[in-house]
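After this come two complexes, each holding chain A, first together with chain B and then together with chain C.
Our next item is the complex of A and B:
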């Protein structure tokens, strides 16, 4: 009882967090190397060496920060990633929390991410961090709506807000084919929720690291870890709702999910390295004028498909 | 001191280096960017080694001390062709460029393994102005808004927002002279509402630019046009690298650096232009903002003026350039995007000129004045600093647009000293600028 309801789910989430975040770091470095941005040392060891360095570095102090919020924000972001991962079903039976409303909970994770990222920038009491925080709020409001419409689209054929039901509804046809607009739109949401690559408006180079510009040492490690973990959590959700989750022949279910998560991660990390950071104004215009109407189209498409 | 396995592991990470650039320090930065053992970071908080590259003028030592103390312990400092600050007499000074990368890696390793102590604090850990504890809320003044806590004005609405009337608290702060997204040496006082620039006041002009020695030679004697044009193309490629780094396109930026390093008359930039257009560099990262009017364009001169439609170029007055079929290339809009198109067009044109000139071994015919990549250098009149134009150009722009505009503009004066022909040769008698 305790094993099945407490230990196993916790272990699954922690393992997925740790291994996943490490895999993100290695994969990103391999991609960077393939694109001509080579760094000395082995890609497998580098994330560990970087982590060890951050652990030995002292945690920075700014003048009169909001201490509790500043130290808590990376941990809250990590917790949001953990909540996301807890919802991902690894097989029909292996799922940390099989909520009847898992789609809704994931939506709230995305919304709370905006709050936490703003908190991280605001609480440092430093100008560049604050600008990063302001910018992220503009972005956050824009992508959450897109995410909602896309997720309602996948809940329609399943007639349920439960991720396991959403997977079961894809037994005949994966949602990526059934609703072709859904996955591309959702991938943009993924870049937004982890403010990665083209949507990295919060921690960008023109702000010397933005919300993380004043952070050093272990809190910075926690922040970087949380960002990687959020990518993993997102890729788990994307693989679940669009790529048929654990479904697939020959291999065991969890392995299928891992492979699909890798595919999503690869797409996100490649986009992160190949595309420039959007200017905030372009970004907001793109979201409201192009992508949001496209998500309406996606929803209408899903509705018609469900009726027929 | 017992060295833990954690520190041994940490010593194997690529060295995170924060570069504080002094005069002519940016030449070294471009070498380090391609070094796989070094990772250049944008904030001193993210560094393990503080690299001061080039001489820092005495009036900026106070700022350098603050940057020094912002690096989290344990850390090391390294001084490339620069005199260490008072209080850091034991710091390592390096003059030979070839030794720099190894010295950076060794400094990080030594600090991690406890072979050398962290650089000492230079400033007392206290606010620059005391907390006065006066007034209703301890803010140091009369009434709600009267105080200047810690010597800074409170964030309050002194003026309406420039864009849409949605008034936010104004935030005033100083930026530079070591902020890596600004030209080296530039310092500005900025007031923002949200991320919108309300005022921008340049307080310290950027350091003079070091140009390739061939532009200095061209004022004394005829020089090979091929060599001159390659140096020009290289200069613009270096600027493009900075713009790409700022836009988050690090891998393309390094590609540009490698191209600049191995530039020959047969090099081509068509592929680069296509790649930039395809990934959205011209359309997604910037808006059609920060357009120069004719007067501003004339004050800056050079490529910035040609991007605004002024076809002024001293090369038109050179008979041998005319024989090669030279006519100035221009854009019309004069905004950030037009300036990057102009930079690519000028690189393309320079390579084409270099190809023709190399085949026929053509030299310049005019001496005394030369069109530098920064602008026209007429008799005795070097291109002058124009950074004060930012004060009128940037208000009303978003933060990202403002910094993209600064990256696309080349505003610093031209230094009276050429850049070392290659940073591979240590200078024995440093000119005045190098001495801090």
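Our next item is the complex of A and C:
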């Protein structure tokens, strides 16, 4: 009873969080190496060395920061990633939280991520971090609607807001084929929620690290870990709602999900390395003028299919 | 009552969190902090709704309040003369009236909780809260909710139009042009009119 309801789910989430974040760091370095970009040290050891180094450094202090928010923000972001991972079903029975409204809860994780990332930059009381924070609000309020319409689209054929039901509804045809606009739009949301690559408006290099520009030592380690973990949580959700989750022949369900999560991560990290960062104004225009109408089309498509 | 002791403990912890963060809203000196203390309070209430098996309403509370408080903080910062919401400012006004109204409201609600007779109605085993709520919202009550939605939307647009009618540098309809450095001079801080009409680029490649 205790094992099945408390220990096993917690263990699954923590394992996925730790191994997943490490895998993101290694994969990103391997991709950088394959593309001929400079990288120091071995791809497998460098993330660990970097983490250990950050852990031994002292945490930077700015003038009169909002201490509570500044120190809590990385942990809250990590917690949001953990909530996201807790919703991902690894098989029909192995799911940490099989909530009846798990799709909506993932939506609130995305919405709360905006708040947390904003607070991370705002509370440092430093100009570049502040600019990163306000940039991210513009991005976060733009992608949240796209995400909502895409997620309603996948809930329609399942006639449920539960991730396990969404997976079950893909037994015959995965949503990636059934709703061709869905996955590309959702991947853009994923780059937004983890502010990665082309959508890295919050912590971009033109702001010398943005919201993290004044953060060093263990808080920086927590922030980097949380970003990687959020990417993992997103890939789990994307694999669940578009790539059929645990469904697949021959291999056991959890293994299928891991493979699909790797495929999503690979696509996101490649996009992060290959695509240039968008300027904030252009990014917001693109979101509201092009991508939001496309998500309407996706929803209408899903609705018509559900009716037929 | 068929719930465990864990539910009771969670309820009391969340209730304390909701009240404490609600109280902090009025003590803090910052628009941004006040917004997010309010968000914490609402999240605690949403979690209590989850304990009451209102599984959609509780989660929707997280979602709606996260976006709403973010937008509220953003709009306050945009409309107040307080750059980026960093300066301390008083977050309460008309304290006496507010305290009186709060006390009366607390007493009325407290009296209801203490003296009302609540019906003992156990949940039916086959209850699907999400589906039932959906049928209610898009069934008999559809007209009410849809008209309320339209009214709220028009109100929001109207409020923004009215309050942003006059911008920092004059009427919004004439365009926001800063005043000149000299009386009657050219607007300050405008990009120079270059030879390439492709705005934005200030580079010249030689």
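In this text, the second predicted complex is superposed on the first by the 307 of 308 C-alpha atoms of A that agree within 3 Å, B and C clash if a C-alpha of one lies under 4 Å from a C-alpha of the other, contacts with A are read in each partner's own complex, and residues count from 1 in each chain.
Criterion: a contact is a pair of C-beta atoms (placed from the backbone, for glycine too) under 8 Å apart; a residue touches a chain by one contact, two chains touch by 3 or more.
Not measured: the values here are computed from a predicted model.
S.K.: Now for A:8: first (chain B), second (chain C), both, or neither, which partner does it touch?
M.R.: Neither: A:8 stays clear of chain B and chain C.
S.K.: Could you look at A:277 and tell me whether it touches chain B, chain C, both or neither (first, second, both, neither)?
M.R.: In the superposed model, A:277 contacts chain B only, not chain C.
S.K.: Which of the two, chain B or chain C, is in touch with more residues of chain A?
M.R.: Of chain B and chain C, B contacts more residues of chain A.
S.K.: So, does A:134 touch the first partner chain B, the second partner chain C, both, or neither?
M.R.: It touches chain B and chain C both.
S.K.: Tell me the contact category for A:173 with respect to chain B and chain C: first, second, both or neither.
M.R.: Neither partner.
S.K.: Is A:297 in contact with chain B, with chain C, with both, or with neither (first, second, both, neither)?
M.R.: neither
S.K.: Both chain B and chain C touch chain A; at which residues?
M.R.: Common to the two interfaces on chain A: residues 130, 134.
S.K.: In the complex formed with chain A, which residues of chain C make contact?
M.R.: It is residues 30, 32-33, 36, 39, 55-56, 59-60, 62-63, 66-67, 69-71, 73-74, 84-86, 128-130 of chain C that touch chain A.
S.K.: Would you pull the chain A residues touching chain B in the complex into a rising list?
M.R.: Within the complex, chain A contacts chain B at residues 32, 35-41, 45-46, 48-50, 52-53, 55-60, 63, 127, 130-131, 134-135, 197-198, 200-201, 204-209, 213-217, 220, 273-282.
S.K.: Quick one: in the complex, what on chain B touches chain A?
M.R.: Interface residues on chain B, with respect to chain A: 6-7, 9-14, 16, 36-37, 39, 41-43, 45-46, 48, 70, 72-74, 112, 127, 150, 171, 173, 179-181, 192, 194-195, 244-251, 254-255, 258, 279-281, 283-287, 398-401, 403-404.
S.K.: With touch defined as at the start, can you tell me which chain A residues reach chain C in the complex?
M.R.: Checking each residue of chain A against chain C gives 66, 69, 99-101, 104-105, 107-108, 111-112, 114-115, 118-119, 122, 125, 130, 134, 137, 140-141, 144, 160-161.
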